[in-house]
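Both of the next two complexes hold chain A, though its partner changes from chain B to chain C.
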Partner chain A sequence: MKAFHIIKEHIILPRRSISVTAQRNDLMEFFDDKNNWGVQEVKTGRSWKVEELRLKSNSDLHKLWYILLKEKNMLLTMEHECNEKMIIFPSPERIDKVEESMENLEAVVRERNKAYHLLETGENGERPEKITNNAFGLQHVYKESEYAIIPKHMNEEWLRKDSYRASGKDLRDFLLKYKEKVFVENKKKKQRDFNHVCGLLKRFPNMDMEALKEQYPDVDIEKAKNSKRSRGHFVPA
Partner chain B sequence: MSTRLYPLYQKGGPQLRIFLPNFWLKLIRPVHEQPPNIVQFACSMEMTKHDIKNYLEKIYDVKVAHVRTRIALGKTKRDIVKGYITKDDDVKLAYVTLPKGETFVFPDCAPDQSQQAKDEHDKALNETKKGYQTFLEKNKQRPNMPGWFRV
Partner chain C sequence: MRLTQILSVIGKYSKDYSNLPDRYIKRAMEQVYWKNPTGVQYRPDTEIKRKTYRFTTNRPWTAQFRQQNLPGRRTKKVFVEPIKDWSYFRGDRVEVLVGRDKGKQGFVKQIIQERNWVIVEGLNCHYRVVGRDQNYPGMVIKSEAPLLVTNQVALVDPSDFKSTPIEWRFTEDGQKVRVSSRTGRIIPIPASAEETVDYKSKKTYNEQPKDTLADDVIAITFSPKLETFEMSIMESMGIKEDRVPPKSYWY
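Now for the complex of A and B:
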């Protein structure tokens, strides 16, 4: 019994270890760890993925945001100082990693916000947008915002800046020519892509067709294969 | 406190709260000498003095006595060859005064690496020299023969 007791005392139970960094609340938080001053490379992990962030609670995400924000400020400070001193900033990819993490975190928060609003109100809670025509009769996405309600004829700023809308023969002529220009550009691009694919098939007849199809979805690969342009300079077997 | 669009405040509505501020703030070495209790920052263009004060007090837990800001004009340069003009981005600078009795000294966080770089260069050079010696050693028995030649 005693032996069992001794064993029990010395057993290390599997416990999830929590790593806690010492919290420093002063201006030195704007600088990297002293061990990383003047080194050539700082080894770091990857950025946070969307799938991982989806598993976290709202309060965890809130905490993580501030950690990432402080990290970004620290990296920007260090980068600025290195640029001032004409030194290479070690591992600049850290900034990209932090920014990617922040983007992913915001995407997850937005997802949750949308789901909540759809459930509660039937609308997604995003900033409303609508497609309108601009002064030249071309379509563009107009992002709506809240404003004090003034009748249009009394809104002097709107009348001065945004009320003009082209119309009549001028607009019709402009749109006709503009559309023709876009059409010709698209047609040229299509032909150019087709020719390029033919050239690729000529040089690399055994290339990965799936990848080719993925990169040039508008090109008819079968047609390109049969084209005269894709035939190599050899006698066909 | 952030660049996002928030609902307009209406009387009786809830107080505006910012959960995910996306402003950046970097501590920079002052260009001109400053009193020991003044810290210079570069910040997002949209930040106001109140934003900077709140940012430092709420996120970094640093007490702030006073904030002044200015927008520094980016430098304009003319291309030597082609003659066109380019301009750097403007940047908003903040001069933050710490409370009485507190000082801040900008640390030497990017020490000069020239000696370290020289050491590494010497190391690589020595290794190359050593490699060349082994190459010569290998080809000693084959005079008047190019190094790439093999039977």
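Now for the complex of A and C:
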């Protein structure tokens, strides 16, 4: 027993500049503090911002990531448990705050790695992507994958999967109809916006035209003013 | 990108007071009826979801809002006058120009920017009878009705306490301020504009048990070095890696 105390006293704890939860190391770490069970709301601060995370060292970010991950696990467990017990999970926005912090943290780590790779190799070191045509003849972003041993021309399975490309009359017909659909959708949206502007002009003849122009930059306002749709129920002066 | 689509309809000033992250507001109000399955699709990430919502005094993240916008419910379109600069903030002294409280002055309690509304404390009220049945006469609840900022309220000039039209101008320091068109006096934005459900002002915020202290947040522990994140973590943990990865191909 005495030896144990000695060991415990001599453990050098790392100095943390980030607040941490009490270490329990048991299954109850998946659950919130008992004081927060069944309450209406749990007050918390905001999420970490990118500019704050940029000030932190790599090891601090590493520690913070696991703190956030544990918190997220805890919150998701609590949410699941509350759903099981048919009670309201207090302050569900906590999950979003933690996830937002984790996204920001990852962005900062990527930023640092990118800077290193650009300096050392001239490439950003991210997973390569390129814009190609997919099987339907439409443009899409293809994210490349890493393959050990076999290069592309020897990888028969990959080539077989990638080999299908629509072509000929089928593709031409499809693309014609697809483009027509997109065109009609855009045209309808334009007409809808125009009609809405007419409705606004009818209801608020003295409104701020600059604000209207800002909100609907694609609508010809002079044309809308002259439209039959924008005439109000009054005798024009 | 999609986050801004749904949130672009909710005004900044109407969500500031709640102090909720945008992500949560989106998650709480979104109604997705169908989503394209993952895999090769000719139109990936296609969703069928509610596009227009009816905004009322109920805030988008509440259950009452969901009740008013139940899936499949369609309501008449509301025309909202476009406004260039929002000029009404929480705590502003305003004069009511219409209704039974015409001419009275009060303070802005709530902003509902997506309808151009403000709620003025204690003015333009109506009464509702709740819980009336055969044996019980019911309870009367008084609540404020919203007022349009375009023609139903006006800001009050602090020099003579009379209503005035305003315009936004720049001071010599480059600060954007509201100026009374009648007297040319600056109408300052009240301190309560900064207020949220969690704090009165940022300085008086009460730290919660899981918050990181402000001093720790601004402490700089990063020193730039020519290494990746992984390299620095491996070094601090004493992990040595001398294996050479075999050649791999990216395609």
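One rule holds for everything that comes next: the second predicted complex is superposed on the first by the 160 of 237 C-alpha atoms of A that agree within 3 Å, B and C clash if a C-alpha of one lies under 4 Å from a C-alpha of the other, contacts with A are read in each partner's own complex, and residues count from 1 in each chain.
The criterion applied here is as follows: a contact is a pair of C-beta atoms (placed from the backbone, for glycine too) under 8 Å apart; a residue touches a chain by one contact, two chains touch by 3 or more.
The shown structure was predicted, so the numbers you read here are calculated from the model rather than taken from an experiment.
Of the two partner chains placed by superposition, A:Glu157 touches none, neither chain B nor chain C.
Of the two partner chains placed by superposition, chain B and chain C are both touched by A:Val109. Contact with neither chain B nor chain C is seen for A:Glu222 once the two complexes are overlaid on the shared chain. When both complexes are overlaid on chain A, the residue A:Glu51 reaches neither chain B nor chain C.
Looking at the shared chain after the overlay, A:His62 reaches both chain B and chain C. More residues of chain A are touched by C (comparison of chain B with chain C). Of the two partner chains placed by superposition, chain B and chain C are both touched by A:Ser145.
When the two complexes are laid over each other on chain A, chain A has residues 62, 109, 145-147 in contact with both chain B and chain C. Contacts from chain C toward chain A in the complex involve residues 19-21, 23-24, 27-28, 40, 42, 44, 79, 81-84, 150, 198, 205, 207-213, 216-223, 226-230, 232-233, 236, 246, 248-251. Chain contact summary for the complex, chain B toward chain A: residues 5, 7-8, 19-22, 24-29, 39, 42, 59-62, 104, 107-113, 116. Residues of chain A touching chain B in their complex: 25-32, 37-38, 40, 62, 65-66, 69-70, 72-73, 76-78, 80-82, 84-85, 87, 102, 105-106, 109, 127, 145-147.
Interface residues of chain A facing chain C in the complex, by the touch rule stated above, are 17-19, 21, 33, 43-48, 52, 54-62, 71, 92-93, 95-97, 99-100, 109, 112-113, 116-117, 119-120, 125, 128, 134-136, 138, 140, 144-152, 155, 158, 178, 196, 199-200, 203-204, 207-208, 210-212, 214-215.
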